[in-house]
Structure formats: structure tokens, C-alpha cells
Amino acid sequence: MEAKNNDLWVFIETNADGGAKNVGLELLEPGRRLADIQGGNLVGIVIGSGTESAVSAAAAHGADKILVVDEEAYGRYTTEAYTKAFCELVEKYGPTTILIGATNMGRDMGPRLACRLQTGLTADCTELDIDEESGNVAWTRPAFGGNLMATILCPNTRPQIGTIRPGVFKRGDPDTGREAEVIREDIPVAAGTIRTRLLESIRETAGELINLEEAEIIVSGGRGLGKAENFSYVRALADALGASVGASRAAVDAGWIPHAYQVGQTGKTVGPKVYIACGISGAIQHRAGMSGSDTIVAINKDPDAPIFDIADYGVVGDLFEVLPALTEELLHARAE
Amino acid sequence: MEFKLNELQQMAQDTAREIATKEVAKYIDIIEETRSVPKELFGAIADAGILGIPFTEELGGIDAGYIAMVCAYEEIAKVCPSVSVSLLVCVSFLEAVKNYGTKEQIEKYVPAGIQGDFRGSLAFTEPGTGSDPKQIQTTAKKDGEYYVLNGTKRFITNATYEGPILLFARDSETQSITAFVFDKLGEGYSTSTPWDAVGMRGSAIYDVFLDNVRVHESCILGRPGDGFPILLGTVAHSKVALCATFVGTMAACYELAVKYAKEKMHRDKSIGLKFPSIQLKIAQIAAKLESARLLTRRLAEESDDRSNIEHMKAWVGMVKAYVSDISVETNLLAMNVLGAYGVTDEYRVERFLRDSLIAPHIEGVSDLQRIIAGSYILGTDDPLV
Amino acid sequence: MNMLICIKQVPDTTEIKIDPVTNTLIRAGVPSIVNTFDTYALELAARIKDISGGRIIVMTMGPEQAKNALRQCLEVGGDKAYLVSDRAFGGSDTLATSYILSRAIHAIEEREGKFDIIFCGKQAIDGDTAQVGPEIAEHLDYPQVTYAIGATAGDGEVEVKRETEDGFEVLAVPTPCVITVTKTPFEPRNPSIKSKMAAKKAELPTLTAQDFTLDLTKAGLKGSPTKVKRTFTPQVNKEGIIIREENGAVAAGKLYEVLFSKNLVHVR
């Protein structure tokens, strides 16, 4: 497919209630920068049901234009309906670049879309630039569990597509007065398009609203906690900080906390502003999941724990003393 | 002369090593504390095919022979000797049935046992006797088609797990010893609390009390009165895997000693490189380990041939005494290398030493074993080695 | 259920080290393993086979040594394995790889019958893209379920439990379908002596580009829309500050001061 213009599209992923997830809004930041260099519009793509607030959020965060496919049939994400709608939009408008959040949804839809369009997709990017020589987007991403970085180009096919993890870019400040051109596209979901049926849906995170992959601060517990009940130390600190709770594989395997909280190679990859690792040794598999954090704090009684190699601030001490004391300090400061 | 393992033996060793380091390792403390081997672990080991090593494919085994068996049991004992002991008693039970049972008995017990459906036991020893059949006091009184069993057996392995037991009792009419196979945990069967031994605590031993236990005459293994030959035919072979178990403790202690000697620093150099006394000990441990291991494999090779039981018993006697005594010596040397840390449980050597301490005393005390070997050599034309 | 597992032999990334002089990955001596997520996919398929019966064919695209990975899979549930290998496939990115694999699947189906389920691991621990599974589904025009952690076979469909960001959901998907598997709550089974022997003896047919129909312009470097411009090792320049105090409360106090002064924690 040939690009019809130099537009850069950002997929504004929405929740079931139609509100925008953070990741799409975050991507409007690098999207703006790249669109300007490429000399095209920054376009937000919204697919869902009841998406008014997502549309305004996209406008407020910098989109010049927003293409909206809003219908009840899109209320819940399905591979087939979303891929088909997105594909039709691409074929109609011909953008040159597309950014998608590397979320559960993004990683399900992105490859399907790229394949249907017979184009290149670069996943889990941590840096985005324009390659000076060729004018193509330079997608930089980790491989080998984060031990190696690769910069990828998609020189011959269009659109060039990339997925980016939540938290890699920071959301800008919204300008609520800003207006964007909103175009509503009518793409009904034909009968038989959606081949899967939802039978059941269960939330495991104890009523916490903050998605681990979108969290700004995470307090994580590991083997050093000793038993399930001791996650109370982690939760108390998390509450005082307004943080999300995470866990290492050891804690999950021991049955102390559900897998939904696991950070690491076989769990979630997170990139918060602050990651506080409590009683976590810092095995490579865990680090693969959190090394992208801006600031890493580690509390462990073993001075040789590998986590201290990547920590910005480390406390060698007994977490059962340090955590309550730290929590206390925070609550005390809050009360003042 | 082939010192390398053949393909099947290598597979058995590799599989045993994998299951030992991956599964058994998770349970070593639980086994020591609860003094039992959890059912799920036993199941995983059975699924890996370990119990079937000496049995034909027809019965569900892999027909790999005794060398494969000692290689496999060494790997398991290297992680947890108690598991190895518990397993080899299971296998001894199955071998007895295979060698002496009727077609029905074999079909009933052997495939199911190999699959890990139950854990068998052997019961000969009593408070009054450890090796002399004339002293057996457990009685079997014929009552129509049944026998009624009464008495006490001592130091029985796997006594509390579901499964059959091969038990030797004196027929109260004929006064000859008869072997019976029946299910444990039934009416009239009870056990004591476990004996508190210095080692092998994960494979606890119990007194078994029989209070008017009724067994059908079809439960007799072999013919009435065949008890003692069956016992001898079974127990000799069970000592082979037992030797492998003690070699396993030595292999573990060797590794622990080498690791410690390489890592423990004195000023800026490892104690291994700095102190000749450590080097001497390590070299001694290595030689003792390898000699015990190779001797056990030779024993295994001899055991594949069942045609001359007396020759085999002499071999067993010679090797069991040697391996038992040397495992205690070697593991003590290893403990020496670790110094003060050697006696703490965190460094594991003390448990392997305690486990090997029982070796010269169980399943045939070393002196008696040597007398068996010696009197065979001196009483026959067979030079044995 | 007739099931296919696509696996990849990868270097054990937990053992990878960086050469301090050249700043490149040291690949020599790094053990090769079956991609972790693929082992969970295989176990998932094996459990379906245990309950509902069926066959498991294992396939991989790779060099000759990838046969070791195939044999490891035959030890733990796989019934038969195929290697897909040809120099023309070298340099393939995910689009080209998924194209080749989808064509190979057609070829294998001619020999083994149509597959009800095609399993892939969620992602390879070296490439980390998670693209090949869904792209195979697209090439074959099959429905897909990603992030699966459990599945039961039904009549003409599969009930799949999949992980979501905050829990899980259960979907029914009609066969034939593609399922990509993430870490399951259960571990892969252990091999037995018998299965190891059988795997060792198993014949592993190799399919080259001659053995199935495909458009070679869509394979290898030619068929790869993405190109690697450069690779580099990430610089980790952490001058970490270590706090070590007599007692935990004092340490916590120091930590709080440091975090507060850097504006990392806010009083809410």
C-alpha cells in the first residue's frame, strides 16, 4: 500500500466505558514531534462505544484530527472487529506512520493489522526518532530480555507501524481549550465477523483501579517477605504513596499473590517513575520486567543481591523495619 | 572394557538427575521434617519411569538393568538419600513378586507398582531377629482357606504408605517360614511411632503390629515354606541400590566440599588454593568416591546375572561393607573441609553424613557382610575378583 | 484434537553476557533452550490431549541444531516433529517468518491432516516481539486468542482462559484457531526415561523450500519489511546510593529524605 500523505496516527486505546487509557495519550507526545518532522497531521484513532471523553482527551493532548468509529459492537475489544475497522481506515486514508500502545489489546491487534496490510511492525519500542539518512521512522527496541537494543527501519512499505509500552513516554499537560477536527466513520460490524464469544470476565486485582502497566509508582514484594500475610507491609507503603502493588515471580509461585501482580519476564513489563523492590533479589527475569523504571529503589537484607546493581537508591536492611518506618514517615508528612 | 554408559543407562541417569534436581530438591526439608516422602513427589518420580528400570517393557518397565539402576539411584540420593531408600524398598517388593509370584500376582502388583500406584514394603526383621529365620516369632495359623497372622515386625520402611507388604511368618503347624503378600493398613495392621534414627529420617522406620490379620492362602508368595530362600533372593539385590544410595551421599558431599574450598576465602585467596591440607582432603574424597562408585557399578553388573546366588551374595557382602564404611569416612572428611560450617545444617554436609552413618549398620552390618564374603572365598574355588 | 505447536530454539537469555571490550553479546557457550513460553504452550496442548485425546505435532523454523529443541518437545508430550529449514529463509523478520510458517503448516497438514488448534508461545525470549503467532493467524485467516493460560477442548470449539491486564476472561473460539500461550499456572511435565528414548530415536523430517509451495519473494530478507539498522548494548550507568544503618527506622528516615529531596515521593 502506498501512503497518501505524511500523517502520523496514534491509536487512542479506550476502556470498556469508552474513556481513553493513558497509553494513547502518552503516545501523542512523540507523535507530535514525529508528525512535525514528517510534515503531516497528528491523527488520533478512536474505536469503541461511548467514546466522547476519549475524543476530547485526544484533542486536548494534541491531535489535529480524530477519526472515530463509535458503535455498540465495538464496546468490547475483539480482534476481528477492531482489526477490520482499523484496516479500512488505513486503506481509506493512507497514513505514513502508526503508533499503537503495546498493551494486551495492542499486542493482539497490531500484528494482525500489520500482516493484513503486509507491512512492518516493530514491537515494544523504547525510543522513536526520524532516521536522518532515509526519513524513515527509527524504531528502537530491546531484545534478548533487554540485554541488547536494536534500531529498526521499515523503508519500503507503508504504513510503518510500531507499538510502544505504557509509561515509556509521559503524557503532556492537557489543553482543554484545544479543538481538533473530528471525523466519524461508519463501519458497521457485519454478522459473522466476530468469531470468538466472551463467556466470563474476572478482575483479580483487589478493586485497585490503577493498572500496573500504567502505574506511576509501584511497590513490589518478593521472596524476602516470607509469607502471604506480609504483603500487608507492601500494601501499607503503596497506600501511603498512592502506588500500585507488584510482585516477583517467587512471591507469585509461592501462592502469596495472584499472577496478575507479577512483574518480570513471564509477568508484566512496567516502566513507572519509581519502582520500589522489597525483599526482591533482582534475578534477570525480574529485571527484564522493571529495568525501564525511571528510578529504582531496593530494600533487601542481602548486600550482594543483584538488585543493588541497578538500583538508584538501595537500603541494606530488614524490610520489616524499613517499610513500616518509611510508611510512617509518609503518613506523618501527609498529616502535617 | 567399557567405562562409558550405554544409551539406555545414560537416559536413566539423565532422567533421574533431572527429576532429582528439579522436583526432589524442592522437598528435601519437608521430607526431613515430616519424615515422609509426599505422594506427589513419589508420583512424579514414578511418572519419570524410575521404578521401572529393572523390569521388562511388558510389565511397564524399561529393562535397563542394574547399572542403569545404580546410576539413577545415585543421582536421586545425591539430592535426598531418604527418597532413594524409600524407592528401592518399593522396587525390592516388586522384584520379589516378579521373581516368585504367580502370573496373577505379577499382573496384579508389578505394572501398578511401577506406575507408582502404591508403595510396597518388606518385613522380615523382628525384635528378636535380624538375620536368623529360626528366631522368627510372627505366626501364621491356618484357618480354612485363610491364615491368621500375629506378631511384630521391626524397622519396616514405607510401613505407613498405602500398598502391599511382603511379610515372612512361621507357619504354626509346619514350623516353616512362609512369605505372604497383603495390603497394609487393613484390619489388624497397625504401626508404632517412627523410630528416631540418626539419619535417613525421611525414610522413617516403624514397628508393624499384626493382630489377627486374616489373609487368603492365595496371598502366599511362592509355596508354603519357601520364605527363607525368597528372602535371601530378594534382599541381596536390594543392597545394590542401597550401595548406590551411599555413593550418592558421597557425591553430594564431594561437590559441597569442592564448592566450599573454592569459595571460602582466607585473606585474598581461596582456602582450596592456599592450604595443602584442604587439597589433600579433596583428593582423598575424590578417590574414595570414584572407587565406591565404580565398585557399585561392578556389583550392579554382577547382579544382572542371577544364576549363582552364592557368588552374588559374596559380592554384595564385600561391596556393601566397603561402600558403607567408606561413605562415612568420606563424608566426615568433607565435613572437615567445611570446618565449623560443616556442622551447621545450612551447609547440608551434616545431613548427608548422618544419612550415611546408618550405612554400616542397616541391611546387614559390615562385619557380617565381610564374613559372608570372606568365608565364600575361602570355602570355594571362586576367587570372586 | 489435532494440534500443532510452533516452537523456537532460543539462547537462554538469562545466561547472556556482554563482552566488556567489544560491547557485543557473547553468544558462544550460551545454552540453547526451547523458548519458555513455547514449553507452556506444549504443556497446555498435552493436557488437552490427556483429557480429550488427539495428536501433537511440533514444528520449528531454524538451523539443523534446532532439532535438539524438537526432541526436547517430543520428550514431554509431542508425538511428531518437523524442522523447517532453508538458507532462503535466513534473515526473515516476523512477517516473513509467519508467512513461511503458514505455508509450512499447509504442507504439514497434507501429511498429518488439518489442525484444529495451532499453538504458539506468546513471544520468543530473544526477539520479544509477540508478533509471529497473530501473524500466522492472519495468514491462515483463523480466529486467534492471545495470552492464553488454560484451554479445554469442546465440540468444534475451544474454551480458552486468557490473561487480561487486571485478571482474566474466558472466550470460546471455533476451530481451527491460533492460540498464543503465556505463563500458565502449571509447569511443564517432566520427561520419563521412555519418552527420552523415544524422542532420541524419532525421525525428524526436514522441510526445505522445495518441499512446499511458497512465494520466495515473501521470505528471507527480501520478504522482510523491517530492517535492522543497528544494534547496541544498553549502557547501565547506575551510581547507586546505598544506605546501610544500624536500625531499619534510621535507614527508612534517610531513604525518605533522599526520595523527598528528589521529588520522587509526594505527600498526598
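Letters A, B and C mark the chains in the order given here, with residues in each chain numbered from 1 onward.
As a convention for this text, a residue touches a chain if its C-beta (ideal position, glycine included) is under 8 Å from a C-beta of that chain, and two chains touch if they have at least 3 such contacts.
Worth saying up front: this structure is predicted, and the values here are computed from it rather than measured.
By CA centroids, point me to the most central chain in this structure.
C
Look at all chain centres (mean of CA atoms) and spot the one farthest from the centre of chain C.
Of all the other chains, the one whose centre lies farthest from chain C is B.
Which interface, named by its two chains, has the most contact pairs?
The chain pair sharing the largest number of C-beta contacts is A-C.
Just give me the whole-number Å value for how far the CA centre of chain A lies from that of chain B.
57
Cα centroid separation between chain B and chain C, in whole Å?
42
What is the distance in Å between the mean C-alpha positions of chain A and chain C?
Averaging C-alpha atoms per chain gives centres 21 Å apart.
Among the residues of chain B, which ones contact at least 2 other chains?
Residues of chain B never touch two or more of the other chains.
Quick check on chain C: which residues sit in contact with 2+ other chains?
none
Which part of chain C faces chain B closely enough to touch in the complex?
By the definition above, chain C touches chain B via 189-194, 196-197, 200.
Show me the residue ranges of chain A that touch chain C in the complex, using the header's touch definition.
79-80, 103-104, 107-108, 110-112, 114-116, 118-124, 131, 138, 141-157, 195-205, 208, 211-213, 217, 240-242, 259-260, 265-267, 273-274, 283-285, 288, 295, 297, 299, 303, 308-326, 328-330, 333-334, 336
Give the list of chain B residues in touch with chain C in this complex.
For chain B paired with chain C, touching residues are 7-8, 11-12, 14-15, 18-19, 22-23, 44, 47-50, 52-53, 62, 64.
Which residues of chain C touch chain A once you look at their complex with the stated criterion?
Answer in residue numbers: 11, 13-14, 16, 18, 25, 36-37, 93-95, 98, 125-135, 137-139, 143-147, 149, 159, 163-174, 182-183, 185, 224-234, 236, 238, 240-245, 247-249, 251-256, 258-260, 262, 264-268.
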